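First chain written, first letter: the chains are A, B, C and D, and each begins at residue 1.
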Amino acid sequence: MLEELKEQVCRANLELSESGLVILSWGNVSGIDRNKGIFAIKPSGVDYAKLRPEDIVLVRLDGEKVEGDMKPSSDTPTHLELYRQWGGIGGVCHTHSPCATAYAQAETELPCLGTTHADHFYGTVPVTRKISKEEIENDYELNTGKVICERFKGIEPETIPAVFCAGHGPFTWGKNAAESVKNGIVLEMACKMGLDTMSLSGKMQAISQTLLDKHYLRKHGKDAYYGQN
Amino acid sequence: MLEELKEQVCRANLELSESGLVILSWGNVSGIDRNKGIFAIKPSGVDYAKLRPEDIVLVRLDGEKVEGDMKPSSDTPTHLELYRQWGGIGGVCHTHSPCATAYAQAETELPCLGTTHADHFYGTVPVTRKISKEEIENDYELNTGKVICERFKGIEPETIPAVFCAGHGPFTWGKNAAESVKNGIVLEMACKMGLDTMSLSGKMQAISQTLLDKHYLRKHGKDAYYGQN
Amino acid sequence: MLEELKEQVCRANLELSESGLVILSWGNVSGIDRNKGIFAIKPSGVDYAKLRPEDIVLVRLDGEKVEGDMKPSSDTPTHLELYRQWGGIGGVCHTHSPCATAYAQAETELPCLGTTHADHFYGTVPVTRKISKEEIENDYELNTGKVICERFKGIEPETIPAVFCAGHGPFTWGKNAAESVKNGIVLEMACKMGLDTMSLSGKMQAISQTLLDKHYLRKHGKDAYYGQN
Amino acid sequence: MLEELKEQVCRANLELSESGLVILSWGNVSGIDRNKGIFAIKPSGVDYAKLRPEDIVLVRLDGEKVEGDMKPSSDTPTHLELYRQWGGIGGVCHTHSPCATAYAQAETELPCLGTTHADHFYGTVPVTRKISKEEIENDYELNTGKVICERFKGIEPETIPAVFCAGHGPFTWGKNAAESVKNGIVLEMACKMGLDTMSLSGKMQAISQTLLDKHYLRKHGKDAYYGQN
């Protein structure tokens, strides 16, 4: 069932591992079939070296597992909530990549410091508020998703496909699983650059809205002219 | 004798080398057979590229070598002391991995800054006191172990399987040799994140006890739900 | 047409990718045939893993594409302007390499901090001024080239083959495509060293003009004695 | 002539390249046959990928080339001076490895911050004074060697086989070419740890003389007990 989706999600998880963003069995990527209302996600705690498409778990948008011998990622309810609230996304990626996690731990937003950022994220990558004691003790992973969506009130998630969860790490998303991983890779690089930029200048100052518009819009939307399309 | 243990310890040492945590012939990993009261450890100063299971040295808990053509690691008495004092551990790993060694050199503890840490260490990774002149001059390696155990009075070593030895480097442990290496890898990553977190925020502030409990306990103990078991 | 040039430019782009300076499809390298007034450049947004010499696009110095099935890099007008203004250069390289991009984002010049720098760049690597709203909104990529050339008034571009574009990233150049990539690699390393030098000493202080002369001139010009020529 | 020495020196240069300490054609390693008063050194500006034992150049201690089709490294007179002044060394290595070069550029000594350092260097790794205008303009490379030897007055070079040349980079040495490279690798790692230690603690504080003695002497000298000898 949904063999192609499972294949894509498996490959996206392997790309995450090969990118160096994650070590051990950290991180998880999912992708959704919107017509069927089913998403495919990495099984919990499985070694990337052994991951095969048939290991990928299928989960319905009401949270029920519909296929797979293994338990899905323990972060499944977070992915679920993002898919439910944001109809426009097709893939979600969670990592503990080191520089992005440092931003999450420091609860520091990443303003658009340059065109590398502007090419992929249309403005500041935000930090969630701290998740509360009650939210941790009851349905922690679901509430992680809710706290992310709360932070994006007034922001279109497709335009800034990344967030730092306070004290935790980054989530990224995209139109499919592969793009969510790509956004995780870009976020890690933008965070590394941000750390060094602050080390040099003592501050993090955003580029102008005009330059942000230019770079974001030459890659996204109807007037994009980057790439071959 | 104890062929499987020697094989496991050899493999764990090679994993340490492949992880990039150590260069040259630095670092050493051991694992113990509690029934026989014998542990297996890397020989001293041997090139990882040439290490084979038959090179692994077997040592009794009274410190006597029971098998092996080579001299055991010069840090053997440190491993010995940890095994003697802490009946619940099955493997010990010592590295000079760069970020963790910086914490040891700076004599800076690593509080639980985020869930990456909380997933593996149930609270602050402590620093030992400085080892004294007398302790250095007589049985230095044994006293290194004693100073570690002294620091863990009141802490269950299984819950925080890592320490920074002041002016020296990290030791990690686990239920077997492989897990002690894994904890060394996680510690290095947590220290890298800690360095960047402090660089961003100017401080190192722990996450809440509730979030620490949640992450630690979803991976450890009877109510764990991470992974496939 | 110009098969050898396309081959060289393809190889230089692959070297850029293999050097680790760029991730994803970031970056672009070009090389020019001055006799024909035609330069060869990477197509826009193409995966390095799939790049072949026949994909390289040929562009005339008046901006017209003369060969190639694909669209040239969106940064083509920047390369064009550098070739038009600076008759002595034969290759141009643009990256978002992390340390050099941090300098660009922090709008911080890189003085000649040591002989590593002096071996390749004859003085401070400059930062451009911020590009204006009007320059962004009309012919942004061409204006990027103009702002670079403006910054080099009074500087011979062959002697300092690198610049930081404010809020953007580095451009480097050289006598051909391969050398422009090599200068990009050296710039990234000099920036990494610069970051660590400032972290240690709290300042960035240039070496003496005599030491700069010595190192630059033992590698460049008629009295050079480095290498086999 | 001296085929085994050339083979050793070639291999040591390749190890330097594989260690990641150098990029491009940077760095050079030499080794000496004290009986013949001849040393073997890397040719100038040659690609490591193409380096073969027959490319290694043989030079007499009076500075005359005695074998080799290529010009020796432009740093040859520095190596020569170290061999002439220090009869106890058998190999010399020069790199621009990034962290050690940052120390050289910042003119910051590296005190013995921990046992990683103590295992290899018996005390502070010193920085030379700035080389003068006159010393640069006449026999620069020879004077580089003289300035190093001047800095080591009162220090046995065998016990601290490393120096930072102000504004330039590190030189390391050892009993042969391979050991000089190994000391270069250790120095780079000690410098990386030093940068992070200072970032954490705001200072660089040496460990006690007793701990330095213990670690240095368990690896060096007649009472050493590290390794298999």
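Definition applied: a contact is a pair of C-beta atoms (placed from the backbone, for glycine too) under 8 Å apart; a residue touches a chain by one contact, two chains touch by 3 or more.
The shown structure was predicted, so the numbers you read here are calculated from the model rather than taken from an experiment.
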item: Chains touching both chain C and chain D; value: none
item: Far-end chain from chain C, centres as C-alpha averages; value: B
item: Euclidean distance of C-alpha centroids - chain B vs chain C, Å; value: 46
item: Distance between chain centroids, defined by C-alpha means - chain A, chain C (Å); value: 32
item: Of all residues in chain C, the ones touching two or more other chains; value: 199
item: Touch-based graph of the chains, sorted into line, ring, star, complete or other; value: ring
item: Chain-chain contacts as defined at top; value: A-B, A-C, B-D, C-D
item: Residues on chain D engaged by chain C in the complex (per definition of touch); value: 23-24, 26, 43-46, 70-71, 74, 96, 98-99, 101-108, 130-131, 133, 136-137, 140, 167-169, 195, 198-199
item: Touch list for chain A against partner chain C, complex; value: 113-116, 182, 185-186, 189, 192-194, 196-197, 199-201, 207-208, 210-211, 214, 218, 225-228
